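Chain nomenclature is as follows: A, B, C, D, E and F, assigned in order of appearance, with residue numbering initiated at 1 for each chain independently.
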């Protein structure tokens, strides 16, 4: 696995857009946990989500089941 | 993992066909969640499914158990 | 992961034989689901099983626990 | 992943020995299933175990938790 | 997988910072265990966390769901 | 994955030390099983643990959650 994020991938680009737009998202994890917040950054191993108190959670990609913009 | 989708794979081609035909599918996930909708796009990390309200869910391939066309 | 199926592997060859013989198989999945049917095709990411109504299910290899010919 | 089994690995060699000796083994799987039998063959994706009725089960390595010789 | 840690990754750098600052962290694992302590070291396979009695636990990256600084 | 163990990794070296010192360890597995014993050997796929009766258990690395020296 190289250091570079594969910015050609639709999934990576969508997450870039969600990050830039500071869109609220839901992350469903393999433990059935549901994490909500805004995406701060992504790399090819993890995605960092911050909650309303600006507390970061570094989520491993291998543990993600799905991600979706939070519906209004 | 390269950026290019391996379009020579039967599984990738079937998903391309299901996407183009806007076929309703069921995705069973390792958390036992069942997601239904139409496939919007795929890359080599994720598959994006949209529901009846056109809400997208980006599903990680590592979390998929099986995919099948929804029976009528 | 290359596009080519590694036909030198015993596991790949056994699945080729089971496919050609239209042998009924059981697939145990990590969600504890048990899928039965005949193998339609395999590639290096998925195995496709069809049921008695010829409905296909595309199963991810990463979600397979074991496969066995259905005992008579 | 290449087709060749890495026969330099202790784990691969131990399984070769257990196969040759027709030693009864226990395989614990991630679904908590326990499979017992003799190892028929291994490749770098799967291990095949046969039971007392000579029925084969092809187990995915990704689904194995541990393997041990069955204690007498 | 090479021996070198990819220090260019944001996730690796954040963990380096948390280690240097001896920040208390929470590690959620795929078994739903929650491990708290300070990070002693990381490599590309594991992260080592020590508890209040300086007892180390070597955690596999493949088993990590998320990591977060413990809130005060 | 090459045959050689990456002896430059802290995690590999720690396990080498624990093996040489015949230190009692606990291995937590993704099935929630807890295995205790002494490490006999490791390779890049498995770790072998022996119990008080010198019975070996070959544990897959992909199934390990954490490893720690058993506290006295």
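Methods note: a residue touches a chain if its C-beta (ideal position, glycine included) is under 8 Å from a C-beta of that chain, and two chains touch if they have at least 3 such contacts.
Everything numeric here is computed off the predicted structure, so don't read it as measured data.
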**Complete:** For subunit D and subunit E, the touch-path distance in steps comes out at 2
**Partner chains that subunit E and subunit F have in common** = none
**Asked** Copies subunit D, subunit F: same or different interface, half of numbers shared as the threshold?
**Response** different
**Request:** Farthest from subunit C by Cα centre, which chain is it? Let me know.
**Result:** E
**Request:** Could you put a whole-Å number on the gap between the CA centroids of subunit C and subunit D?
**Result:** 19
**Request:** List the centre-to-centre spacing of subunit B and subunit D in whole Å, with centres computed as mean CA coordinates.
**Result:** 33
**Asked** Out of subunit B, which residues touch more than one other chain, so two or more?
**Response** 1, 30, 62
**Message:** Is the chain-to-chain touch network here best called a line, a ring, a star, complete, or other?
**Reply:** ring
**Message:** Ring order, please: subunit D first, subunit F next, then the rest.
**Reply:** D, F, E, A, B, C
**Prompt:** Which of the residues in subunit C come into contact with subunit B in the complex?
**Reply:** 1, 3, 29-31, 33, 35, 41, 43-46, 48, 53, 55-60, 62-63
**Touching residues (chain side subunit A, partner subunit B) in the complex** = 1, 6, 8-12, 14-15, 28, 30, 32, 61-62, 64-69, 71
